[in-house]
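In what comes next, chain A is part of two complexes: it sits with chain B in the first one and with chain C in the second one.
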Partner chain A sequence: MENRPLEYDYTVAKLFMYNAIFVGVAGMLAGVILAWQMAFPQFNYILGVNFAEYTNFGRLRAIHTDSVIYGFVLSAVWSSWYYIGQRVLKVSMAESKLLMFVGKAHFWIYMAASVIIVIGLQLGITSSKEYSEFEWPIDAGIVIVWVLWGISIFGLIGIRREKSLYISIWYFIATFLAVAMLHIFNNAEIPTYFASGGIGAWYHSVSMYAGTNDALVQWWFGHNAVAFVLTTPIIAMIYYFLPKESGQAVYSYKLSLLAFWGLMFVYLWAGGHHLLFSTVPDWMQTMGSVFSVVLILPSWGSAVNMLLTMRGEWQQVATSPLIKFMVMASTFYMFSTLEGPIQAIKSVNALAHFTDWIIGHVHDGALGWVGFMVIAAIFHMAPRIFKREIYSRSLMSTQFWIQTLGVILYFTSMWIAGITQGMMWRAHDEYGNLAYSFIDTVVVLHPYFTIRAVGGTLYLVGMFMFAYNMYKTMTSSRVIEESELQNATPMGA
Partner chain B sequence: MFHWLEKNPFFFAVAVFVVIAFAGLVEILPNFAQASRPVVGAKPYSTLELTGRLVYIKNNCNGCHSQLIRPFKSETDRYGHYSLSGEYAYDRPFLWGSKRTGPDLMRVGNYRTTDWHENHMKDPAAVVPGSIMPAYTWLYKNIADVDTAYAEQLTVQKFFAVPYNKELPMADGSKVTVALADTLEGARASALEEAKVVAADMKDQSVKDAVAAGNVPEIVALIAYLNRLK
Partner chain C sequence: MDIATFQAYGFFFFTAFMVVVLYSYIYHLYSSQKKGTRDYEKYGNIALNDDITDQPIEMVSKDDETKK
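After this line comes the complex of A and B, so read on.
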C-alpha cells in the first residue's frame, strides 16, 4: 500500500515528539496535583508551608493549562506536521537546507520560550488572561515561533510535488492563520516600563482594552484558541492517521469540505457563549449562543466522516488498540461538541456557568478527544520514524482502558458537582431567602472532587505507561523491515 | 471552486482568513466605542489599590473568584447589584474570571472588612470552616511592587486618558479626585499613606512594623484593593 519513492526526514518531528511525551506527563501531573488540592487543601502545601507560594492552586493552575495546551498538544501537533506535511506534499525536509534550519529553530526557540514561561508563571508573572497569561516579552517570542512555523508550512508547500493539498493541510493552514490573528489581537498591550520612562518591572504591560471590551477580545481568543489549537490541528491529524492506520479511504470528500468551511465560518462567532448574562451587549450573547448550536453541524460532520471511514472494517476496533484510541477520540469529539452547545443555551448556561460542569466539559474534550488522538498519532508515527515496532500491544491496550475509565470518572463527577452547585446557588427557601450559604455549596462537592482526582490520577497512570511504552519503542523493541510498514502499525506482544 | 483552491495555496489561505476574520469584524469591533464609558461613580484606582490589584493577579485570585454579578435574583441576593459595563471602565485587564470555586468578589468591599481579610488570608478554614482556600501566608512577608503600579497609572493616564487628578462625579452628588503623584517618590509616599490607614486596622505586628518602616507588604495592598471593590 505505502508506495514511497522518497525517504522523508523526521529530525524535527522526533524532537517535538520527545517534548510532547515529556510535557504530557509533566503537565498532567500538575493537573492531578490541582485536583487533589481541591479535594484536600493540604496538597497546597505539598512542599511545605514555606513553598506554598509556588505550589498553591493559583500558581499551578496556569502551569497546568498552558503546559498541556501549548506544551503537550502543540508539540504533538508540530510533530505531526513535520511528519504528515512531507508525506502528503511528497517532498522531504532534507531537500531544503533552509526548511531544515527553520524547523530546528522553530523547535529550539519554542523550547526556550517554554522554559521561560514555566519559570515566569511559577513566580507569578502573568497578565491574568486565561490561556494567554504571558507578558509582552513572551508574546513577542510566540510571534517568532509562529512565524517560523508559517515559513515551514508555506515553504514546504512551495516546493511540493503533489499539487493538490490534502485535507490535513487545510486544517494546518487554518490553525496557523487563526492563532496568529487571535494571539496578536488579544495581546495588544503597552509595556509600562517604556511608557513610563523606566519605572517598575520591565516585563509588565497593560492591556489596550478595558473591562467589557477586554472580556470580549479575551473570550473571542479563549474560545477560538480551543478551536484552533485543540480542534483544527487534531482534525488534521485524524484525517491522516485514521485512514492510514485502518487502510480505509476517507468516507466522503464532500462531507470534509462542508465540515471544514462550516467550521471556519461558524466557530469564530461562538466565543460570546463564555459571556452570557455578562455586560456585553445582548445581541452578541444571542449570536454566541445561536452559533454554538449551529456548530454541532460542522463538528459532527468531521466526526461522522471519520467514524464512517471505518465502515465495513469495525472488527479493527476490536483487534487494534490504536484504532480504539482513534475511534474513541472521534466519539468523544461528538460527545463534547454536543455538550458544549447545550451549555451555550442561555437557560442551561445560567445554571452551568462558573461551575465545575464547565471543567468537566473541557476535560471530556481534552482528555477524551485531544489526548486520545495525540496518543494515537504518536503510536502511529513512532514505528515509522524509529523503524522499530511498538514495544507492547498489551500495555497499549491496558493504557486505553485505564484512561477511558479515568475520563469517565472525571466528567461524570464534574457533571454532578456542577449541577449540584448551580442548583444550590439559586435555591431559595419558602420566605424567598437564599437557602444555602456559599460554603455549603463548597463542602457538598468534596466527594465529587475526590472522584475527579482519582479519575485524573488514572489518566496520568496511563500517561506513564504511554511514556514507558514509547521509551522502549524508541530504544529497544524489535527493528522492523520497510516491508512491514503497511497500514496497521506493527506491535510486539 | 474548491478543487481550484486546493491547488492554489495562496488563495486558499486568503479565503480561510476572510472566513475566520469575518465574525470578529461584525461582532467585536462595533462595540468598542460605547462599552468603555464609565458610569457615574466609577473612579480610577489609587496607587495602593492598583498595587493590590497586581497582587490579586499575581496570585491568580481570578482563577477561583469571579467579579461579575449576573442579573439573577439569586446572585443579587448574594452579592449585591448586578454588574454594569461602565463599572469596569478602568479595569485593564478585566477580572471577571470563569469559575466560582469561591464566591464572587465584585462588591466584597461592601460586606467584608480589613480585619476579616487579615484573619481569612492567614487561615481561611479558621474563619470559614470547610473552606478549601489555601492560606496565603507569604502575602504577609513579601513587599508589594508599588513602582510597577505607578508605572501602570502613568501609562493609562497617558494612553487612555484615565482621569487622574480630575474631579469625578459620584452617585451621591459629591465629587472625588483620585490623585496621581508627579514623581516616583511622591507615588511611594502616597501609597504608604494609604497603607498606614489599612495597617491601623490590622493586628499582625510584622505587617505594622513593615509599614512603620516605610514598606508595603502585599497583604496591605491586596486588602486596600478588596476594600474598594464596591
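After this line comes the complex of A and C, so read on.
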C-alpha cells in the first residue's frame, strides 16, 4: 500500500456526478410536465385529482427551478470542482484526510438538505422568494454546506504544488464568495414563531426587507444567482474541459484574466434590469440597463476566447460529439449574453417584460449553455473517474442533435409567443381602450406553448439517453489504460 | 443633496474609478507580457499538463512555504 504511486482521488467528484445525472433527469421531467400544463391544463391532474395539490403548476414550478439550478447544476459544478481542483493545483484529495472528510460531509449534508427541500416544496412550505424559497432552517443548512465547500477550496489551495491558480480556480472562488454574500443578504429574515412569542409554524420566517427594498435585494440576488451559479462556475468548467479535451491551451490567458475581472466588476450591478418601470429609483433602473449592456464585453471575452481556443482544430468539432457540446455551449453563451442585454434596454423591456420571451431567454442560456456544458463536463470526467471509455459515441451524437433541436424549438417558440404577447398587451384603440383581453392572448399563444412542450420533451429524451450512456459507461464499457486518457475522451462506437 | 442623489453620484464616481483600475490592469497584463517581465500565456498549460506526475508550471517553492 505504502508504495502505491500518488493518484487523484475522485470519490467526492463521483458522488456529486451521480446526483447531477439523477437530478438532471428528475428536474427536467418536472419542467416538461410544467410545459405541458401550460399548453394543456389537464396535466395539472397528471396523477389524478386526489394528488392535484402536489402536481399542480404552483407546487412543481419551484421544484423544477430549484432542482435544476441547485441540484443538477450545482452538483455538476461540485463534481467538476472536486475533479478540476485537484488536477490544476496538482494535489490529491488522498493527501489530506481532513479535506476528504470535509468533501464527504459537503456531499451528505447537501443531500440531506436537498431531500428536506423537495419534501418541503411538495408540501407547499416556502418563503415566497423566487429561487430562494427555503425557510430559515434550510437557509442555515445551506450556510453549512457552503462553508464546507469553502474549506475544501481554500484547503486544497493551501496544500497545492502548482503556485499559480489556473483561471478556473478564480471562477470557482468567485462563485463561492459571491453566492455566500448573496445568500446571506437575500435571506436575512426573522423567524416569526420566535419573534412573536410562539405564533405560527416554528420554521416560518419573513424577510427583513419590505416592499421596494425587498424587491431590490431579491433581484440583486436573483440576477446574481444566474451570474454566480449558472455562469461563473460554468466558465470555470469550460476553461478547463475545452482546452483539455481538444489538447489546445486556452487562446489567450490574458484575455481570460481581464474577462474575469470585467465580469466580476459588471455583473453585480445588472440585477436592476429586473425592476425596470417599477418603484425603484430611476437611476438604479438606468444603471441596471447600462451595466447589462456593458456585460456583453466580458461575457463575449470568455466566449470568444473559447471559440478561438479551437483555432486550427475545427475538424475536432466535426469528429467529436463532446467538442460539439462545448462549442455549442459557448455559442449559446454568446447568444444569450447578447439577448439578455437587448432585453434590458428600457424600450425593449417595455415590450418584453413579463412575457414568454424572458422564459425563452432563460432557457437558451440554461439548456444551451449551462446544460450542454454540464453534460460535456460529465462526459469528459466519467472515463477518467471510472477508467472505462464512454459507452457509445453514436448515442452521444444523437443526444446532441435531439437536444439542440429541443433548445431551438424552445426558444424560437418563446420568442414568437413573447413578442406576440407583449404586442397584444399594449395594443389599444384610438381612445386608449385595450384591444385584447388576457384570454385572447392565451388562445393565440397556445400553439407556441405546445411547441415549447415538444422542445422540452426532446431535451428530456436527450437527458434519458445521457443517463443511459453514463450508466453503461460506469458499469459495462471497455476498461481503458491511463495512456488513453491524455486529451480526447475515448469512446466506443 | 438628499441621500438618494448622494448615492447616485457616489456610485457614478466609484464606477469611474473602477473603470480606471480595470483598464490599468489590462495595460499591466499586456505591457508586462511585451516587456518580458512575465509570461502570462504559459499558465494556459496548467490545464494541459495536469497529471499528478507532471512538473508544475510554477512550483510552490520552499521559500513561499516558510513565508506562510
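The rule is simple: the second predicted complex is superposed on the first by the 485 of 493 C-alpha atoms of A that agree within 3 Å, B and C clash if a C-alpha of one lies under 4 Å from a C-alpha of the other, contacts with A are read in each partner's own complex, and residues count from 1 in each chain.
Simple rule for what comes next: a residue touches a chain if its C-beta (ideal position, glycine included) is under 8 Å from a C-beta of that chain, and two chains touch if they have at least 3 such contacts.
This is a predicted model, so every value here is computed, not measured.
After superposition onto chain A, partners chain B and chain C are found to sit side by side with no clash.
In the superposed pair of complexes, A:438 makes contact with chain B only, with no contact to chain C. Contacts of A:92 after superposition: chain C is touched, whereas chain B is not reached.
Legend: residue contacts after superposition of the two complexes on their common chain; A:247 is shown touching chain C, with no touch to chain B.
With both structures placed on the common chain, the touch criterion links A:261 to chain B and to chain C.
In the superposition on chain A, contact is made by A:204 with chain B only, not with chain C. Residue contacts after overlaying the shared chain place A:281 against chain B and chain C alike.
Of the two partners chain B and chain C, more chain A residues are in touch with B. Once the two complexes are laid over each other on the shared chain, residue contacts for A:161 go to chain C alone; chain B is not touched. Touch criterion met: A:44 reaches chain B, while chain C stays clear of it. After the chain A superposition, the centres of chain B and chain C are separated by 110° when viewed from the C-alpha centre of chain A, nearest 10. For the three-chain overlay built from the shared chain A, the minimum Cα spacing from chain B to chain C equals 5 Å.
Shared contact residues on chain A (touching chain B in one structure, chain C in the other): 163-164, 257, 261, 265, 281, 287.
By the touch criterion given at the top, residues 2-3, 6-7, 9, 12-13, 16-17, 19-24, 27-28, 31-32, 35-36, 57-64, 66, 68, 70-75, 77-78, 83-85, 87-103, 125, 128-138, 142, 145, 147-152, 154-156, 158-160, 184 of chain B touch chain A in their complex. On the chain A side of its complex with chain B, the touching residues are 37-38, 41, 44-45, 49, 52-53, 56-59, 61-62, 124-130, 154, 157, 163-165, 170, 173-174, 177-178, 181, 185, 190, 192-193, 195-197, 199-201, 204, 206-207, 209-218, 220, 257, 261, 264-265, 267-269, 271-272, 274, 277-281, 284, 287, 350, 353-356, 358-359, 425-428, 433-434, 438-439, 442-443. Only residues 4, 8, 11, 18, 22, 25-26, 29-30, 33, 40-48, 50-54, 56-61, 64 of chain C touch chain A when the two sit together in their complex. Only residues 5-8, 87-88, 90-92, 160-164, 166-168, 239-240, 243-244, 247, 249-250, 252-254, 257-258, 261-262, 265, 281, 283, 287, 487 of chain A touch chain C when the two sit together in their complex.
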